[in-house]
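The structures considered in this document are given below.
Here come two complexes built around subunit A, the first alongside subunit B, the second alongside subunit C.
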Partner chain A sequence: MSGKTFAQKAIERASGTRDLVPGQIVDVYPDLYMSHTASWRCIKTLEGMGVTELYDPDRIAMVMDHIAPAVTTKNAADHKLCREFAQRMGIRHFWDVNAGIAHVVLMESGLIRPGELVIGTDSHSTIYGALGAFGTGVGFSEITATWVTGKLWLKVPDSVRIEIGGALPPGTYPKDIMLRLIGDLGADGLTYCSAEFGGSYPGSMSVSERMTFCNLAMEMGAKNAYVEPDEITRRYLDEAGQPRDRYQELLPDEGAEYREVISLDASALAPQVSVPHSVDNVVPVDEVAGTRLDQVFIGSCANAKYDDLEIAAQVLAGRKVAGHVRLIVTPASAAVMSRAAASGVLGTLIEAGALITNPGCGACAGNGGVMTDGERTLSTANRNFPGRMGSYESEIFLGSPATAAASAVRGVITNPTDLMTEVSS
Partner chain B sequence: MSAMTAGGTAVVFGDNVNTDVIIPGRYLVSIDPAELAEHAFEPLGADVQRRVRSAGVVVAGRNFGCGSAREQAATALTGAGIQAVVAASFARVFFRNAINTGLVAVECPPAAAAVHDGDEVTVDLDGGTVTTPAGTYQFPPYPEALRQILADGGLIPHLMRSSR
Partner chain C sequence: MNMAEKILARASGRRAVEPGEIVVADVDRLLMHDLSGYLTGQVYDREVNRPVRYPERVVMVFDHHFSPPTEQQAVVLETNRAWARRHGINLLDCGSGNLHHAAVRGGFIQPGMIVVGSDSHTPVHGALGALGVALGNDSHAGTVLPYGKAWFKVPRTVRIEVSGTPRPGVSARDVALWLVAKIGEGELNYAALEFAGPYVKELAFWDRWLFPLLCVDLGAKCAYVEPDEVTEAFVRTLPGGSVDRLERSDGQEAESVLRFDVGDLEPQVACPPTVGDVRPVAGLAGHPVQWAELGGHGGGRLEDIAAAARVLDGRRVHPRVRFNIVPSSREVFAEAVRAGLVLALHQAGATWFPPSTGSNQAYNMGALAPGEAMISTHARNFPGRNGSPEAEMYLASAATVAASAVAGTITDPREVAA
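Moving on, here comes the complex of A and B:
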């Protein structure tokens, strides 16, 4: 009998069945159901069903992140509905508009543990693989149904193993690896698949960097993503208040069957950029260097964690944002923002001319920082679809925090290594 | 139960049609199918919107509905009068959302390649066929669990029916 992949083991655990094979459809009982700003839709749906009993309120997590704070009276009413529902139903895991992006908040708070299965009303729920969990996105009706029944159907996915070795050259980051992979494999390169990252490089990454990896795997259509939990994972969970005996790590077996094994040498990479209007439209930054920008956005669940802001601050220290550019920085969470304030990172960014907003999804979800016709943003987020940040006639480029910061300084798309050379020369 | 068929005039799209194009994020403050339908495919312009509203079937290439998990991408199509989507392949969350909101979604690459704008297309779920002017094409039948959800008009009606 051949070995099992992580995805097979995670779905066997969550469904209480054994010997599952890819393609089988089973009912799973997720450990956690995340809903973000979409929570009001779940509540309205539940009210429409006339149901008042929930399967397990402790498995429900709500975070008001996509539109925060309220912009319209409709938003305010939606938030109020969620707040009051959480209180009435005894939902303990509720975060209001001050907390930040749901994914990052839940991981920081210790609610995401290795081996567990988490569903969320957000495609980027693949991010939970950064802690060795099985995370996947679903619609709001499914979250509502799971609130009631505790279960939903899942197909056991094929797995693709992505082996990354070597060390990244200076100025190149995990975001660049993922953009290159997305460019090479395409927007549907991993559709329906579990993306397992392995090799020497992922094992060297921080949890924050693993989040960038697992988040962006979704842009190839992945069902979930996964980095093997290790001592780095355990230390992160220690800090999040999760005792090591509280979770059980699931590792793929030797000899597990993969649809495909892909290898990538990190040391051969240079900074990469996604150009409009699809994420898989990827070129080395030098091919579009010099493209004039109107705005730079450092934010989103892909790249607005503490180390992302720190990298941007290192590039921006002692420099100024170009006069014609608006630099918007939206920390991923209140904890990230607090740490960046204490360490001086926020001060450096403000000094350089950045506008710091409250934590949350912000401009990535089109809330604040929208563009008018003909404008161009370089963003550290994960999507560049037309109209996502305002006008359908505006353009979004995607890059790493270092590329974003360097581009903000020059006012044009810039290879961050150009500014590093400037310092040393 | 009556045979499950869906059909109508086709509007044809290419590969990688994303959910931001199907229904832009700014309109997600609504869950009303009619209201959402007014803005379906808005980024592609008024001509495409008119063609979608006069169609009954969306036919697309690979990876239809990629991007966000927004369920309203399926609801907006239903609101616009779309009965079925036939594609070479679907992004997985869109496929779930389609089934869960009662929208027929079938993967059938040869049918998707054979259909032109304005063709009459019929999907027979029980028979596992897509009929087009160019011919009839087979697709693997739905697993029974999914077929039941669709037959009941979506996940929530299915749940209410089965809990009765």
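Moving on, here comes the complex of A and C:
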């Protein structure tokens, strides 16, 4: 038998079986089950069925991130239900409305380990591949069943290897690489595939940048995404309080079989923008430069981590947000907020005129930043479907934090390199 | 004449006015927030439909929303923006701060002005020696927007003299809460209240602010602290700050004088269902709270944030409490960042929110579930104002709010901070 892909190895580990091939269906025992604000649905289902015992409360991680804090009495009651359930059932890994986005919070807290299999009630659970884990999104009923039985069926995916070399030109970021890939491969380009990122570029990325990569792989339909764990991964986990002997990295074998190998040269790239109304509708920023904006949102699990805010602050330092634009910045987590407050990034953003909200999903999940007919937002998030941020007659463009910040300054979609030139001249 | 009389006389072109007279006065400033501005704009376009006479005098501040959570709310804001552009009025969009704080920080309020607003706490501008009066949306649409005028019945003046030195740990907010109970809700209907006496005069500007804020709870028409060197020094820090029109009493006696001594006061808490249900904190000690918040008209000042930071120094927010901090203005948020207070309080477990009215009326945040309780620096505690009518809102000083956030129950701040 030839070598194995990461996905084969991860599923073999989680199912306790050997020699799996793509297409096979097995029961796996996930290491962690993440559920967000909508955990109340699962709890009500369980209560309706009279279930009182969980398979392993320590494998449950609940984060109140989507509507945080409550806007309606119903939201408040849902949060309270989750809070009380967690306490009653001994669920230790519970984060309340003040913690931030589930994915980022779990990674920062050391709960996501290389080689492990994590399911989450959120499609962007592919993000856990940034630490070399197998992360995938599931539905509420699936996670509810897993709470009780500890297991879930999974079909072994085909793997696609994406080799990225070269260095990004100034003003261009991992978000631009991913938008270009999504544009090239299409929203269904990697349906049910394990997306393995390789080559010299992914190895040079920070864990935060790898998160952007693995998060956005979902927008091509990927089942999971993966960047090989390395010393950067280990150092991140050291900081998260995860001892190196507590996890085992899984690496794909040399002769692993891939459905396809895709190569991309990062050095040939310019900033990219995804235009309405689908994520794979991607053009170089210059093609839409000058499009008038009403709002800019820097947030979401794709791009609201500390380095994203820092990039935005570099562009916004000494500048002001255009008078007709609202710039909303939602730090991904409490830890991101902390770093931004300590480093001066937060102060720079406030002085430039940004509206800083509490950490969480914020406007990406429709909690704030809602638009009315005819309005237009440029967002660093991962989705631009009609109606996602309010009216079906509004428009969402997606770009990097640098593109977002530059566009907030000019009030129109702007190539960030235009402002960078302004600095040096 | 007393200060209110002098301002009304000048603004109505008379040499003198007396309590009970009805005058038509020129209005210097109209303040509206995103909700009242929307209603006023609708009535104006439908019933009056003419250019705003003095658009430069009109200020709209988006403060109940900082980031609209529904499309319906987004439409309200967008309608307001379009209205503001069409009429050329001043618009401070989301994140600028609480209406009254943002108006002061933006240099829109000066001593001697007549300031009207469709917010019941508009009299707070008496802290700068302005005559602040809350009017209805229809009055604004009917006379203020088209003519720059409003009619007033000249109020009688009641002086509230406060003396004594409060014990350590008892703040101006405690004194203010206590005064509402001592005087009684609705007991001073249509009076002009002058807050005076050695206690008030020795307060810094932003502590004085808390007293005219009480006007509406007492039923009064307006309230103020006679402007003095503290007021003048503060006004000079504001953009375009001018004391050219400052007015003071000419020595005329108030119609009546109420005297209070605060020497024996304990920290106070206003309990649901009304602002006047005020008790010493000791009587409520141990009552569980799940939420704590600095913000609203009565809080979110830099002073509140600093007081909370002192309480939380070396301590953490209780794991079962969410502690929200809502700066009263963008300027306060920036000052708090520079002073290291944002970092310190965040690391102690508090969560920062955009400058706004915060959880007030739960338009953008702050809905409570049945059985939950919040302790806050807000100005109102009516049942149902924050989500469920089965939830409770307690009002207190920033130090009591912070101490309660640490303990998870209503707590005397003197027990936490040594």
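FYI, the second predicted complex is superposed on the first by the 425 of 425 C-alpha atoms of A that agree within 3 Å, B and C clash if a C-alpha of one lies under 4 Å from a C-alpha of the other, contacts with A are read in each partner's own complex, and residues count from 1 in each chain.
Here is the rule we go by: a residue touches a chain if its C-beta (ideal position, glycine included) is under 8 Å from a C-beta of that chain, and two chains touch if they have at least 3 such contacts.
Note that the structure is predicted; figures quoted are calculated from it, not measured.
With subunit A as the common reference for superposition, the partners subunit B and subunit C occupy compatible, non-clashing space. In the superposed model, A:Leu355 makes contact with subunit C only, not with subunit B. Once the two complexes are overlaid on the shared chain, A:Val261 sits clear of subunit B and of subunit C alike.
Of the two partner chains placed around the shared chain by superposition, subunit B is the only one that A:Gly221 touches, whereas subunit C remains out of contact. Once the two complexes are overlaid on the shared chain, A:Pro69 sits against subunit C while remaining clear of subunit B.
In the overlay built on the shared chain, the residue A:Leu346 is in contact with subunit C alone; subunit B does not reach it.
Residue contacts after overlaying the shared chain place A:Thr372 against subunit C, while subunit B stays out of touching range.
Contacts of A:Gly137 after superposition: subunit B is touched, whereas subunit C is not reached. Looking at the shared chain after the overlay, A:Thr45 reaches subunit B, while subunit C stays out of its contact range. Of the two partner chains placed by the overlay, only subunit B lies in contact with A:Arg388; subunit C stays clear of it. Subunit B and subunit C never share a C-alpha pair closer than 8 Å once the two structures are laid over each other.
Residues common to the contacts of subunit A with subunit B and with subunit C across the two structures: 72, 75, 366.
Those residues of subunit C that touch subunit A in the shared complex are 66-71, 73-75, 77-78, 93-95, 322, 324, 330, 333-334, 337-338, 342-343, 346-347, 349, 351-354, 362, 364-372, 387-388, 391. Taken together, the subunit A residues at the contact with subunit B in this complex read 25, 38, 41, 44-45, 48-49, 72, 74-75, 78, 120-123, 125, 137-142, 144-145, 148-149, 153, 187-188, 191-192, 221, 223, 278, 280, 365-366, 383, 385-388, 392. Subunit A makes touch with subunit C in their complex at residues 67, 69-73, 75-77, 79-80, 96-98, 326, 328, 334, 337-338, 341-342, 346-347, 350-351, 353-359, 362-363, 366-372, 375, 390-391. Considering their complex, residues 15-16, 18, 20-21, 24-26, 28-29, 31, 42-43, 62-63, 66-71, 74, 89-93, 96-97, 100-101, 143, 145-146, 154-156, 159-160 of subunit B touch subunit A.
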